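The following blocks contain the structures, represented as structure tokens.
Each of the next two complexes has chain A plus one other chain: chain B in the first, chain C in the second.
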Partner chain A sequence: MDGMRRYKSMFLLPGLLTLFIIIIFPLLFTIRVSFSGWNVSNPHMDFIGGANFVRMLADHRFWASILRLILLAGGTVLIEYVLGFALALMVWRNVRGQRVWRVLFLVPMMTTPVVMAAIWQTIFNESLGPVNDLLGRVGLPTVQWLTSTGPATVALMTVEIWQWTPFMFLLLLAGLLSLSKEPFMAAAIDGAGPVRTFFKVTFPLMAPVSVTALIIRLIEASKMSDSVYVLTSGGPGSSTETPGYYLYIRGLKEQQTGYAGSLSLTYLVLMIVTLTIVSRLLVRTLKTRTG
Partner chain B sequence: MSRAYLTFKYAFIAVWASFVAGPFVWALTTSFKDANGVQGGATYLPWVDYKPTTRGWQDIFGGEGGVNVIQPFLNSLQITVLASAISLVLGSLAAYGLSRYTYRIGRMKNADIVFFFVSQRIMPPIVLVIPFFFLLQFAGLLDSIPGLVIVTVALLLPIAVWVMVDFFNNIPREIDEMAMLDGCHPFAAFVRTILPNSLPGITVAAMFCAVFGWNDFFFAFRLTFTEVQTLPQAVVALNSSIPPWWTLSAASLFGISPLVLLAVWVERYLSRGNLAGAVR
Partner chain C sequence: MAQLELLDVGHCYVPGEGEDRWALKPLTVTFEAGKTYALVGPSGCGKTTLLNILSGLVSPTRGRVLFDGADMTRRSTRERNIAQVFQFPVIYTSMTVYQNLAFPLECRNWDSRRIDAKVRTVAEALGLGDRLKEPARKLNADDKQLISLGRGLVRDDVAALLMDEPLTVIDPQLKFSLRRRIREISEQFRPTVIYVTHDQYEAMSFVEELLVMKDGQVMQQGTPEELFESPRSAYVGYFIGSPSMNFLDVTQDGSGVWLAGQRLAMSWQPPAARVPAEASGAGAAQAGVLQAGIRPEYVRLASAPGPNTFPARLQAVRDHGPLRVLHVEIGGQRLALKLAREAGVPHGDTLLVELPRAKVLPYVGGQLATVVAG
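Our next item is the complex of A and B:
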């Protein structure tokens, strides 16, 4: 029994300790530094109490970025889910060129987000890019894609949806492929049409996979900042700034390490709380109604 | 299936396929342009709209006024391979333990420990990067490959555990119990009987590690400077100056090509439902 115990911990501990050590220092450092006045002219771990947090309360740019992230992440993930589900259903079975579509639909997820954001920037370029060129050819007015707020948000969402719908597609397709055939046969015998079959059989059976896929994507989307950095640099003004990008400006560009620490901590806690509530709600609505 | 639905289905697939392929086609045509093909407005067809040159492609392999992407490519390759390998070894050991034994750490049980691993994905890179900067500076690992490998492991280990736990759960316990009854050491049982049976799961986990390792930009951006430049860094550096789009496009296509090839190869593993355990 003692021997078993030893082997048991030898499996888990190396991985657990590695992750714990890599994560715990940054976390403790961030907590400590958020109570200090550390900045570029005063790089010391002094103690200034909660001054950073008081300053944060009045920082409209930070709160605006948090609100924007919630809308942006929620919106794009929902669109990704609908599109990903539709695509997975379409190439699930009875489709010509099945393998080609499956590979092609996966590819964007494999590409480097910042690199593709750089390509997208040339695509959305207002005078030389193909989007405005094609709009002009069909007689529509051109759009200031990267220098006005609304279009810049649309451009950012387009890039995110292009990049990450494949991930939804992948998880949902894997879920569809693992479903057993019996419920579908039963539905066919009952004479249910495709729409009815979807709402009564496919969608309920896919509820657990849907919850997992939505939660994973929400977690990843809550960190959105690389594409913002390359595509719009948070602009015009600060109208497409996410907390990740705003923190980059305060913490790394301006080197306000202490203040950025308190923002980081707040951002992290807010995201954990929000995501926990959202996951609970998702699990409850999707699983209980269908379970 | 009605005719209208079929028409809709193939139309939808065609529209999405064009949307997916669009940026690649654009980057490919742009990579063969020069200033004449770019500055007059958008052009599409080589030989018709613009005169193709290989200037962009020469520039990224050390041509005059360009950058050399070979060294960043090798750096990215080393970091991705090392970090993925460490994460897969540590991750599959931990995942195997979690699928076979019962653990209690304080009030945490197995499910909570799995959740601890996976929950680390929630950490925004920006929150980690400032402390990591000081940590690596202290250890003398700033701007070095080992430094970046350590940091990347924190990104990849949760993914490896997430994919592997469910995969091991679906392998019957009888297989390793038989091996241990035959006198196999638990580690030997794991290596000889479980690993060969989990190749599809390991492939999926390795793919995710490769994707997130190769595509990381932010850590490399803030933790390495002159000595170690990764491929995404090299490409973004091209974007920040006045962009010679042909060089940028050629470098981008070069940078994403390894993983696009990987996508073609791993699709068969993914679509066979090998990920099914992880999504349920």
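Our next item is the complex of A and C:
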């Protein structure tokens, strides 16, 4: 029996080892680092207690980035959901060129985020970009898309939404295609119009898929940083900084390894807690109302 | 209620398919207002397609659909004002029982007081009166089907009530009372009812007319009585009745019709059967062969030889509750007959069976033979 058990666990070893190397070890290392004063002038694993965490509590730039992330992620994901659902509904039923549309809608998702953000940067460019050009042509004042706080946030959200709506679209379309026809036939018989059918039949039936799609996207959006880097570099000032990008500045640019460790640990814990609560709430509000 | 007409309506699901392979071959049928019809036939014979064309869920490949003379072919399901109950329970999972039943009425903008009264009446009739507040998804399959049925019944102004094997998933106990309930409702409101079923008893028990279908065609339309007494084809004879109608191969010559070397008198004299010289194999034989058809209900046991009385060998006895079905053999051909239970099982395996002349129908090539004048 004992031999058998050992024999069986041998098969788990490769998986466990990989897990340890790519997840557990970095995590443990980060925890250890966060209690050290490791930085560019003092690259040692010393022990300074909770000093990094005390410093973090007073770091307004970090907390502002966390708050900003919550708004950015929540806002973009919500808009992505609405747009993705609309697009999915458009090509769900037999429409002309259904296949072409379906592939076309997925293109943004397949583009590398950095490349895409670079393209958008050109689009939003204040003097050369087509957006301001267009605004000028219709007689509207030009907007400082990347150098003033509000417009920069809008630009950032636009890029995120443009890139990730296809993902929502894909999940929601798959969900729609998996729905059985009968409830829709019954709704037609009962005399429900398209709007009523959507809110009373389609939307409730899609609740489980919606919850999954929203949660997956929220997890992904909580890591938002590459598009920030390319598009605004967190600017103007630090007004579009997300925690991911702020961590990059502290940890990699300024080489404050110990402090960045404590920040990332806090960021991780906060996100786990927040996302868990959010998913619970989503599941409760959407799923319990349906079968 | 309305009179529903199908004019030369046919449907194929695969575009460009030859007409002989269509799910529903072009047909013309009239369903009169206020009458109850059943569509019976094996799976895949086009019953559901026909129903869905009537309700507008399927748009026919050709032909026109008329409601009270008005062309409805291109109208939406909503405009047709049809109630349809499907084979499997369809409920709106996010709603309560009450909301489910009220849904068709809300869609038609009834005022809430009228909805409330109607929903309660129907729920009471279906025995769901005390469960109105429950979420519909929590109910079991039977009760869910009751809800689907209820949604079909709340609107009493419908053009027609279409039911696609609605009792398939209902348990047998409930089936009986539900069937009675549907019949009561159809007698009370006199809607045009079209009922699709596999179960001929279900059909016979409450419809005025049956349509027997096969391979997308209507084989025969008539009252249960007509279909039972004079099936126009061997197929209908097989399909309606249990056990199905007996068909015995007989021969005909100048002097009459012969079965197992003995003269057989039939209801009417069939036209001289063609027996093609090259007749060989089942298909060819079927083309012109003369058969005598008789319902097991009409075959009698005889105590003494007489006209149309044949010696038979008893092969098996099957218990059918109040009746027994005897399987016998006459000259190598099988025949079933029904015997009242109190008659007891006859002794010995050699019997005499009488085929009453009035009930023996001639079939040529699987079709009821025409009466020859003179």
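Rule of thumb we're sticking to: the second predicted complex is superposed on the first by the 271 of 291 C-alpha atoms of A that agree within 3 Å, B and C clash if a C-alpha of one lies under 4 Å from a C-alpha of the other, contacts with A are read in each partner's own complex, and residues count from 1 in each chain.
To be clear about the criterion, contacts are C-beta pairs under 8 Å (C-beta built on N, C-alpha and C of every residue); 3 or more make two chains touch, one makes a residue touch a chain.
All values derive from a computational prediction rather than experimental measurement.
**Q** Give one word, clash or fit, describing how chain B and chain C relate on chain A after superposing.
**A** In the superposition, chain B and chain C stay clear of each other.
**Q** Give one of first, second, both or neither to describe whether A:147 is in contact with chain B, with chain C, with both, or with none.
**A** neither
**Q** Is A:268 in contact with chain B, with chain C, with both, or with neither (first, second, both, neither)?
**A** First partner only.
**Q** Where does A:23 make contact in the superposed view: on chain B (first), on chain C (second), on both, or on neither?
**A** A:23: touches chain B, not chain C.
**Q** After superposition on the shared chain, which partner residues are touched by A:115: those of chain B (first), chain C (second), both, or neither?
**A** In the superposed model, A:115 contacts chain B only, not chain C.
**Q** Contacts for A:285 in the overlay, against chain B (first) and chain C (second): which applies, first, second, both or neither?
**A** In the superposition, A:285 contacts neither chain B nor chain C.
**Q** For the superposed arrangement, I'd like the angle with vertex at the C-alpha centre of chain A and ends at chain B and chain C, nearest 10 degrees.
**A** 80
**Q** Applying the document's definition of touch, where does A:42 land relative to chain B and chain C: first, second, both, or neither?
**A** A:42: touches no partner chain.
**Q** Tell me which partner touches more residues of chain A in the superposed arrangement, chain B or chain C.
**A** More residues of chain A are touched by B.
**Q** Give me, in Å and rounded to a whole number, the least C-alpha distance separating chain B from chain C in the superposition.
**A** It is 9 Å, taken between the nearest C-alpha atoms.
**Q** What is the shared patch of chain A, the residues that chain B and chain C both contact?
**A** No residue of chain A touches both chain B and chain C.
**Q** In the complex formed with chain A, which residues of chain C make contact?
**A** Chain C reaches chain A through residues 55-57, 76-78, 81-84, 86, 88, 90, 92-95, 103-104, 107-108, 137, 148, 151-152.
**Q** Inside the complex, what are the residues of chain A that reach chain C?
**A** Interface residues on the chain A side: 182-183, 185-193, 196, 200-201, 204-205, 207, 289-291.
**Q** Under the definition above, what is the set of chain B residues touching chain A in their complex?
**A** Spelled out, the residues of chain B in touch with chain A are 1, 5, 9, 12-13, 16-17, 19-24, 26-27, 30, 38-39, 41-42, 44, 90-91, 93-94, 96-98, 100-101, 103, 113, 116-117, 120-132, 134-135, 150-151, 153-154, 157-158, 161, 186-187, 190, 211, 214-215, 217-218, 222, 231-232, 235-236, 238-239, 243, 245, 248-249, 252, 255-256, 259-260, 262-264, 267, 270-276, 278-280.
**Q** Quick check on the complex: what are the chain A residues that touch chain B?
**A** Touch list, chain A to chain B: 7-12, 14-16, 18-19, 22-23, 25-27, 29-30, 33, 83, 86-87, 90-91, 94-95, 99, 101-116, 118-123, 127-130, 132-134, 162, 166, 170-171, 173-175, 177-178, 194, 208-209, 212-213, 219-220, 222-223, 225-226, 230, 243-244, 247-248, 251-252, 257, 260-261, 264-265, 267-268, 271-272, 275.
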